[in-house]
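In what follows, structures are represented as structure tokens.
What follows is a pair of complexes built around chain A, which joins chain B in one and chain C in the other.
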Partner chain A sequence: MPRLTINGGEVEVPPGTNLIEAARKVGVEIPHYCYHPGLSVAGQCRLCMVDIEKTPRPTIACNTQAAEGMVVWTETDRVKETRRSVMEFHLINHPLDCPVCDQAGECWLQIYYMKHGLYEPRMMDEKVHKPKAVPLGPHVILDAERCILCSRCVRFCDEITGTGELGIFHRGDHSEIGLFPGRELANKYSGNVVDICPVGALTDRDFRFQVRVWYLDATKSVCPGCARGCNIDVHVNRRRPHHAEGRRVARLKPRVNADVNTWWICDAGRYGFTFVDDKTRLVTPSRRDGEAVTDVAWDQAVSAVAAALERAAPGEVAVVASAKMANEDLWALRRLLVHRGIRRVGFRIPPRVPGDEDAFLIKADKNPNSLGAELIGLEGNVRDLLAAARARQVKVLWIFGHDLFESALPEADVAAALRGAETVIFTGTSANATSERARWVLPAAAWVEREGTYTNFQGRVQRFRRAVEPLGQALAEWDILGRVLQALGAEATPPRAERWFRELAAAVPAFAGLTYQAIGDAGVMVTR
Partner chain B sequence: MTAEKLLTRNFGRADSHTLRAYLESGGYTAWQKAQALEPAAITEEVKQSNLRGLGGAGFPTGTKWSFIPKHHTGPVYLVINADEGEPGTFKDRYLLEREPHALIEGMLIAARAIRAAKGFVYIRGEYVEPWRRFSAAVKEAYDAGYLGRGLDVVVHRGAGAYICGEETGLISSLEGKKGWPKVKPPFPAIKGAFGMPTIVNNVETICHVPHIINRGAAWFASLGTKTQGGTRIFSVSGRVRKPGIYEASVAITLRALIYELAGGVAGNGRLKAVVPGGSSAAILRADEIDVTADVDGLRNAGTMAGSAGVIVMDETVSIPEALMVVARFYAHESCGQCTPCRESTGWIYQMTKRIVEGRGRKDDLDTILDVARRGAGTTICAFYDGAVGPYISYIEKFRAEFEALIPN
Partner chain C sequence: MSVGNDAPGAWNRPPSGRAGLADPAPRVAFTAEQLAEARRLQSLYPDPRGALLPVLQMAQDAFGYISLPVEEYVAGLFNLSPAHVHEVVTFYTLFFREPKGRHVVAVCHNLSCHLAGAPEIVARLKARLGIEVGETTEDGKVTLQSVECLCACEHAPMMQVDDRYELGLTPEKVDRILEGLR
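For the complex of A and B:
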């Protein structure tokens, strides 16, 4: 492992590490545009110049591997002068339209100009003009004038997705990012180019003009879109709600996790949050009598559900859990099942169309927590369970989240099962055809409205945190289940997700020894 | 100083491009000889000859060949740079048209030295006749059994970009990509065409190799200076009586070249300036031409031998206009990959154009100089330094002429 000195600090790095990454290790930031740790080295922006002792001229750090005994200086006068020059070159043809640019506030031209530029502009000539506001695909729009031709987006489509939609056309200062003829930027990961574009050239059509980025708050979370559980940040607009017509979740951004998703997320996950602020959200507990739906207080709903469970023999209760529930919810459910001796449970609902899967991130299982549900012991045959309901052997049928009509289960069978049960209870975030047939509807908080953990397909337990308040009276499922448990006379139930997790860790061997603290931001593997 | 002609010795024959004519003048005897030599011995001979690259950079050829990794087991490629894009340079086209077998023989020997089984010849797209002649010669060489027994040659035509003459831009283009130069390291000798060790040499450089093998390194070295052996072909253009190509010792002075070989300044004009090595070389004033035209002689004179494209300007030539034309060329030809070159070549062209059109500003000259100096040495390839050569030297040496055009 080569040992080198950067700005006087010694550091040892694995062979092959470049100077940008080596410098990061000693807390030194080397400014750069075209370098991205997930992509090949292009060496195009020329901003990452550093001085290396015994080298006559400043050298680009991205293409220089750390070597034994190397002595690197990143803040010499000539390095600073070179940076200033490169900043000037980057900006001479730039339109400087920050006031109307969506990237403003998170633009690396703005950031680096303030840090490394601050020169007196002297370009008085006509700038090169290029196309503006060109949609490249369903999610991404291009402003070619703002593009600094770092080629990150091109390399992403060449190297990560292998789809090669983008190229740099023409030469010199007329060089321009664009689509190859007949192509559209519509690959399954297209949104990532917006994240890696250091400037306002590629912006997100969904997010564009919604809210200025400095009004956003970020919360660490995990994507619930499939069994991979990509790490994300949830960006929330609390401070200017009127800017986005009440939409609270402004966007999702990938959060680096080397073991799960590296730097990327898929488009389905990125744009899959719209249900959170959708009109279909369930916001109050309610009771249905025929066509009439009455909002009720939580207490009333909880005692009614508890009473229904108590009236029924354990064998007359069936529960369709969901692998979209967090480990904490599933553990609370498990406790309730044990408390009442309920055996009819399952969580795997066959999808109507098989989930899309690829060799990169996307998993066919569109649930974030199937492995968690399995490890917590909720495996069971849902078809048998519904058959029992059709045969009128089930008095209470409690369904979590699923719309059974949107599955591979025959519609008639589902309808018959829902008719066959005396009391149908639905707990979920959003109304659907199944919830409309339930007597009791208990609104659940969406994942961004609460804390919890998922166990991804690898067995990695990962935390997600609360980014916004639950809508209306919605509650986390563990909370709902805890209240029902109490109404059923169970001993005290935990008041917080973290305490439920502690119980789970103490009870289920796969989770033994895990705590929220140990899980941290990157997750921890279960024991198997 | 008109040394014996090597490269152009057969140019007088109308059939010099044919195999028969080449064989009659002793062709392919060096290849016979080289087949008895160990690859390392060939490289050593070329090193001793002081042959230096004639494409532009003047790098010692034998040394370059020795960079091929010794223990590499996969393919090695030999690439011949026949892109000849440097303004003021028109020698390689004659070699392709009139002495194509010298290039093929040189390639056979070079390929043996570096253990390449495949050679590519990348010919400038506009060179239609040179391409036809060379392709016909390749066919003759296959038919005669010189090629196809250990070395295959692929002829590839460029598509008109100057940057595809830069060796790694050429490699990108050869690979089917946009002609973008590659970041170095790795250098082509380690990881070049299609990821394999590759030697890129100019046409003229390789045409010299049979002569070195035939007549020995010491003889070749003796034709030139201490640090550069042999002759080279000077392309002389501009305001001279007899523009054209002249083969001469690399040790010839610019004065002898212009006045003795090219017949001096045309008309009754007076010499004003000389660009000695293609448009990328720094300009020399009329009083600076008593220097030898070899790589180190011109380097010491603050310019470069480059591709030996000698552009002669007399007193009728406006230096600001000349710079504007050169600046337009570099703005048009920058591949656009790296920021300083992409952005500043266009800007500098705009400034030179304004000056020529009488709309210059007081600060323009200092801005050009400052921008050029800041960008120099910061880019992926030598293209930008090639542009900086004229930007700085034209202004520094003829500043008054520029200032006269700038309104007060």
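For the complex of A and C:
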């Protein structure tokens, strides 16, 4: 392994490591635009110049591999002057429209100009004009004047998705990013080009002009869109609630996890959060009598549900759990089932259309926690369970989250099962055709409104954190189930998600030894 | 958030008169011999993509100009994304992306030729052909271009007509040359 010295600090790096990554290891940041650790080296932006002893001129760090005995200096006068000159070139034709640019506040032209530029502008000629506000596809919009031609987006489409939609056309100062005429940027991962664009050239059609980025707060989370559980940051707008029509979750951004999603997420996950602030959200517990729906207090709903469970024999209760619930919720449910001796349970509802899957990130199972539900012991045959309800053998049918009418189950069978059960309870975040047939509706907090963990298809237990308060009176499922357990006379139930997880880790061998601390930001594998 | 200029397609329609992909275009394909030649050219390079320029030149000769369907066809031969062929075609000025005349007249407008009277030559060509620089005569005979230095300063002013250099031009010589074009 080559040992080298960077700004006087010694570091040993694996062979093939370039100088940008080697410098990171000693806490030295080498400014760059075109280099991205997830993409090939282009050497396009020329900003990452460093001085290497015994070489006559500054050298680009991205395309220079660390070598034994190399002595690198990143802050010499010559390097600083080179950076200033490169910045000046990058900004020659840049429109400097920061006040109306959505990238402002997270733009590397702004950041590096303040850190490494700060020259007196000398540009006197008319700037070259290029296409502006060009929609490239459903999610991405291009301003070619702001582009610095780093080619990250082009390389992303070539190397990551293999779709090759983008190119750099024409030459010299007329060069511009674009699509083959008549095509669009509509691959399943297109939103990532906005993340990797270091400037305001590619912006997000969903997010732009909604809220300034400096009003956003970021919370570490996990995408609930499929069984992979890509690591994400949830960006929420708490400080300007009057912007973006009350939308609290402004956007989701991928968070690096080398073992799960590397730098990327798919578009389905990225834009799949809109239900959180949707009008269909359930916000108060309610009771339905025929057509009439009455809002009730939590205490009332909980004691009614507990009473219904107590009235029924264990064999007359059936539970359709959901693999969209967190491990903590599923463990709370498992405790309730054991407490009452209930055996009719299941969580796998066949989807109406099979989920799409690819060889990259997207998994066909659109639930984030199927493995967790399996390990916690909630496997069961939902078709049998619903058949029992149709045969009027089920008095209490408790459904979590699912809209059974939006599944591969025959609609008539579902309707008959819901009619056949004496009391239908629905717990979920959003109203649907199933919740509309439930006697009791208990509103659940969305994943961004609470703490919890999912177990992804690999067996990796990953934490998601609360980014916003639950809407209305919604509660996490573990909280709802804990209250019902208490009403049923169970011993004290944990008051926090973390404590439920501790119970789970103590009881289920697969989770043995795991804690929220151990899971950290990157997740930990279950024991299998 | 529906801003007017967000409307899909409002900005990225191909310029009128230029064949977009939506337009019905005649199917483009090399003859068997041309295809064999393209494959031979590809075999000359360690990476077949090295043959992209010569094959595009072949395509220009075969189809008259490099239309978008031609770019897509060539991309198919190289297993490349059409966007990458478009990159190459837009980079080089000698690829014509619109139909060109049977003859291409390219007048040098660089320093030596300019001082030696290129503006007069261009003016004569424009007057005789009835077109501006960059245009093609209505009968499709001549495309007029003005270009950078063609490395014949000692014979300024000069121009290139198809593959031939015409040197030491005068307006009268220009007339004779134009009359000689079929």
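Some points to look at:
Assume the second predicted complex is superposed on the first by the 528 of 528 C-alpha atoms of A that agree within 3 Å, B and C clash if a C-alpha of one lies under 4 Å from a C-alpha of the other, contacts with A are read in each partner's own complex, and residues count from 1 in each chain.
The rule is simple: a contact is a pair of C-beta atoms (placed from the backbone, for glycine too) under 8 Å apart; a residue touches a chain by one contact, two chains touch by 3 or more.
As the structure is a computational prediction, the values presented were derived from the model and not from experiment.
In the superposition on chain A, A:Val320 contacts neither chain B nor chain C. Once chain A of one complex is fitted onto chain A of the other, the partner contacts of A:Ala22 are absent, as it touches neither chain B nor chain C.
In the superposition on chain A, A:Arg205 contacts chain C only, with no contact to chain B. Of the two partners chain B and chain C, more chain A residues are in touch with B.
Look at A:Ala431: by the touch rule set out above, it reaches neither chain B nor chain C.
Contacts of A:Arg171 after superposition: both chain B and chain C are touched. By the touch criterion stated above, A:Ala373 is placed in contact with neither chain B nor chain C. Comparing the two interfaces of chain A, the one with chain B and the one with chain C have residues 167-168, 170-171 in common. Looking at the complex, you find that chain A touches chain C at residues 131-136, 141, 158, 163-171, 178-183, 205-206, 208-210. In the complex of the two chains, the chain C residues touching chain A come out as 1, 3, 5-12, 14, 18, 20-22, 68, 71-72, 80-84, 86-87, 90-91. Touching chain A in their complex are the following residues of chain B: 161, 163, 178, 183, 185, 331-340, 342-347, 350-351, 354, 361, 363, 367, 371, 374-375, 377-380. Listing the residues of chain A that touch chain B in their complex gives 41-47, 49, 57-58, 60, 63, 81-82, 85-86, 88-90, 92-93, 122-126, 128, 148-149, 167-168, 170-175.
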